[in-house]
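Consider the two complexes below, in which subunit A is the common component and subunit B and subunit C are the respective partners.
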Partner chain A sequence: MLLTLARQSLWHRRGTVLMTLLSLTISIALLLGIDHLRLEAKRSFTSTVSGTDLIVGARSGQLNLLLYSVFRLGNATNNISYQHYQQLASHPQVAWAIPMALGDSHRGFRVIGTNGDYFRYFRYGQQQQLAFAQGQAFAGVYQVVLGAAVAEKLGYQLGAQIILSHGVGAVSFTQHKDQPFSVVGILAPTGTPVDQSVHVSLESIEAIHLGWQGGTPRLGKTPKLSEEQLKKLQPKVLTAFMLGLKSKVATFAIQRQINEFKAEPLTAILPGAALAELWQMLAMVENMLLLVTLLVLIAALIGMVTTLLAAMKERQREMAILRAVGARPWQLFWLIELEVLCISLGSMVSAILLLCAGLAAARPVLSSQYGLVISWLPWHNHSAILLAAFMTLALLLGAIPSYLTYRQSLAQGLQVRL
Partner chain B sequence: MPAEPNFPALELKNFYFSYPGPDAFSLQLPDFQLAVGQHLFIRGVSGSGKTTLLNLLSGIHAISRGEISIHGQLFQPQTAARRDLIRARDIGVVFQQLNLIGYLSVLDNVLLAAEFAGHSSDSKRPRAQMLLSALGLEENLWQQQAVQLSVGQQQRVAIARALLNEPALLIADEPTSALDADNRDAFIRLMLNEADRCGTTVLFVSHDTALAHYFHWQLQMDALAAGVRPLSQNINGTEGAVCC
Partner chain C sequence: MKNSYLVLSKRLSLAFMAVVALLNPALSHAEEQHGAHQHGKASLTFVLDGNEAELVLNTAAANIVGFEHQPGNAAEQQQQQQQLDMLKSGAWFSLAAAANCNISGQDFRQEQGSEKDHVDLYVNFQILCQAPLKLSDISFTLFSQSPALERITVQYLVNGEAGVAELSAEVSVLKFSQ
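Moving on to the complex of A and B:
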């Protein structure tokens, strides 16, 4: 009966209740949305690289190395010798190595010079291997494999001819115009920076920079190389390389050996530890966002209580009548709490639906524009705890008008004044 | 409820109530009894303590001293929860006006009384429908919202609600103040007839002395303190008589 009363009373005041419900819906959607984005971003962030034991680059900080080698952000402090890479890659504890030469781009997307081991050994997410949506890995010079987002955004298909630019800016004044590349493969989406990358062979990087001195192009056209000459091309420098070890136990020993490498100053980092450090730096922004959302939520809840308190004045007669027909004060207390429960539950359901619809609509844009692959279902292990905390807070705040009703019904008795 | 004449439906012993404070209003009724089926009219000017008396008799307020019994069952002093339960089961209340929950249907308004008395709506539905029919409210009105009814129709719904649980005591707090003379008389007759059919004792409070002749007894608020024992009177022969 109390539920029927609460439901009908809310329906009777549907105008104000709808506004309260709307403000709570937006607040809960914000709370769940920010939490969802935070967790999805973290998942996406931590799944960028998986199964790689060490990342090696020129001597620098671990975040800088992580950012340019994994996230394609920023630049390396220096190059490293290909010869030293070969030396370290042939270490008996090393199972595989992926070389990376960065420094060129195509219409704002980073170019990564590598070899076939990249497609064979690189892992992301839960040890997932790169897969080809179309075509195959490059087999020679002037062949390119595109990340999913690059192909989608620029509308490239297999066989398309593309020109690489020197430097990593969106606009470059130095283009390798006389050495076009042919698209031979397009990777399946991964939700990682791989989607935003253009992959070529190390020999291709060497070919387009043939005759360059100290990062400056030679005067005139780069000479066209014969098939024979192309086969003989040998990379000289790299930007970084990833290592997979035969035994995880050896990780720290190998790291130390690389960091103490006499022939060249190198830095070896543990990607997991570097990712954790980077995420910790971003956690402050994340916490601020969460705090703002919580404040919005509390403001909405206070709004709900204010609406209920304002309604109490109008409902004085209603409460007195209920008392007269036998309602106990605690029943009136629970009547108001039930109304709070109905509003809160309604807000929660509509917030989840709103968020699902919003995420489903925004998913393609987030994926193609920002490389962020997120689930349309904003539900995580602790979402229930978040909603339970919201409900508890709502009921606690709702107890204020409920208690006042309880007190009022005791004090006023059957007397009804207008 | 037993409907034996001369059985005390309402009995007050050494009843005393006072609001807090040295010069606060107080009520004192050393000896007061009302028999089953009796209809008592209490009149008094504003501020004479009519509503306070009704709050005490319905158990909303606790008395300061003494005892109140309904049908021989001790009503005060009792715990608030017990008083609430007895009020829900044994006392019906009719207010001045607009005494229905506007957003509920006519039938739901009546069935409210059953729910709070611990009965199921379904078990009391036939009686609610019977009462509404007997009070002249046709079936097509039962599902209408209470606010859509005229004042007269609302008053009848209020009586049906007050009598649903066949209460021992019906308390009416100036229920006719918003009605014109014709409707007022019709309302009183309807209410008292239904109360008679249910064997319910009626305690009617008003400042309108023109209604007094419908009741077995009438009392002035300030005369209550002298002690009233209408049990000794033959109620059938004293309609309209003034006690004290």
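Moving on to the complex of A and C:
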């Protein structure tokens, strides 16, 4: 009975109610959206490094090393020698090692020089191994394995010929034109930066830079290398490598040994600890963002109360008539509260729908531009608590016009004013 | 910020050393690296995997003993001995009782730093836990036992979760997110 009244009364004032609903919708979507993006970005980053115990690179800050080696963000400070990689990879506590040579690209996607161990040992998410959607790992020079997003975006199939470029920009003026690569494998999607990567062997990296001096190609054409020359190729430098250890308890001991490695200044980081440090640094920004969103939400709620208060004047007669036909004052109180409930519930539902649609639309861009794979469902364990808190706040603020209605309903309404 | 200055100055000094090394072939093998030796600060790592755990503290001796020079008199001698014994005994941290952990082994090392009069201490505890999943925190009393110590930077890896923390006299409990 009250509900029908509330609904019809709202429908009668649909213009202002719709605007209120819209502003609440936007602010709830903002709150849930920021919370969702924050958590999903963390999950996405964490799952990328889940299987790696240590990452080793030239001496630098741990965040820098983590970002360029795993997330392909930023650039390495220095290279490290292949010989030292081999030395550390044969450490008795090391179960596996994946070398990485970065610095080249293909149409904006980063190229990683590595070896077969990458496909064998790299783990992401819940200890998942890389899988091939088509083809297999590279077996020699001038062969390339593409990440899922690279193949999809550039429309490559097995057997396609591609040219790598020097440097990591989307447009490069130095291309390794004379040495085309053929696609021999395409990886299944992983939801990690692996999807955005182009994988070749370390020897291939060596081959395309053969004869280069100080980062510039030698004059004239570099012909495709002969079989003889290909066999002689030996990787000399790496950008970084990942280590898997036999026992996790040894992690810090190995890290210390690598950090104190005498022959070359190296830095070893625990990817999880480096990420934790990153979140700590971002925590303040996150909190500010949440605070701003919260304030926007409160502003929207106050806007709702204002509209309800403004409506009170024009509804005085309505209320008085309701009282005259037998409605009790507390019923009028709940009538207004029910209207508040309807508006907030409506805006919650439309906010979630809006957010789902927005996320679904933004997903392809986020995954191809930032390597972030975000779920389109903005729901977490604490989302219910957030929404319940919003509801309580809405009803509390809604109590102001409700109470005023309750007080004034009869006394003033039936007076005839001129 | 401080760290980046450190890295920068380290890089500059490395570059300087490289130049010196180039100019003087006899020096080219005298490569030397300087760890961070900071008074007031210590670093700690803790790892727990399965039943096994390891806790390592690395600190300038001055943080624990109060001074780094050779003890000059009997009182200093006694103070040094007392503080080092306390450090070695492991009576400066306690793991959450519910995890039922015991120290099963210990290592202690004293290292002369690259500059004279700087001594670094390493102490390493091997620990066995009966209920490792219940290890929710470690509390430290070291700050009251060694007043010269102000901060401990912590890196931990507990049941697969890695994290970083900073401890001080005010925040002396290391909590693990479970």
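One rule holds in what follows: the second predicted complex is superposed on the first by the 384 of 418 C-alpha atoms of A that agree within 3 Å, B and C clash if a C-alpha of one lies under 4 Å from a C-alpha of the other, contacts with A are read in each partner's own complex, and residues count from 1 in each chain.
Going forward, contacts are C-beta pairs under 8 Å (C-beta built on N, C-alpha and C of every residue); 3 or more make two chains touch, one makes a residue touch a chain.
This is a predicted model, so every value here is computed, not measured.
For A:E260, is the partner it touches subunit B (first), subunit C (second), both, or none of the two (neither)?
Second partner only, subunit C.
For A:S247, decide between first (touching subunit B), second (touching subunit C), both and neither.
second
Looking at the overlay, does A:L270 come into contact with subunit B only (first), subunit C only (second), both, or neither?
second
Scan A:G61 for contacts with subunit B and subunit C and give back first, second, both or neither.
second
Does subunit B (first) or subunit C (second) touch A:R14, or do both, or does neither?
neither
Let me test your reading of the model: by the given contact rule, A:K232 touches which partner, first (subunit B), second (subunit C), both or neither?
neither
Of the partners subunit B and subunit C, which touch A:E318 in the superposed model: first, second, both, neither?
It touches subunit B, and subunit C stays clear.
What residues on subunit A does subunit C touch that subunit B touches too?
none
Quick check on the complex: what are the subunit C residues that touch subunit A?
3-4, 7, 10-11, 14, 31, 33, 35, 45, 47-49, 52-54, 56, 155-157, 160-164
Going by the contact rule set out above, which residues of subunit A touch subunit B in the complex?
It is residues 1, 4-5, 8-9, 11-12, 317-318, 320-329, 331, 410, 413-416 of subunit A that touch subunit B.
Taking the touch rule as given, give the residues of subunit B at its contact with subunit A in the complex, in rising order.
Counting only subunit B, the residues touching subunit A are 51, 54-55, 58, 60-61, 80-81, 84-85, 87-89, 93, 95-96, 98-104, 108, 112-113, 115-117, 121, 161, 173.
Within the complex, which stretch of subunit A touches subunit C?
The touching residues are 59-61, 247-249, 251-253, 255-256, 260, 262-263, 265, 270-273, 275-277, 280.
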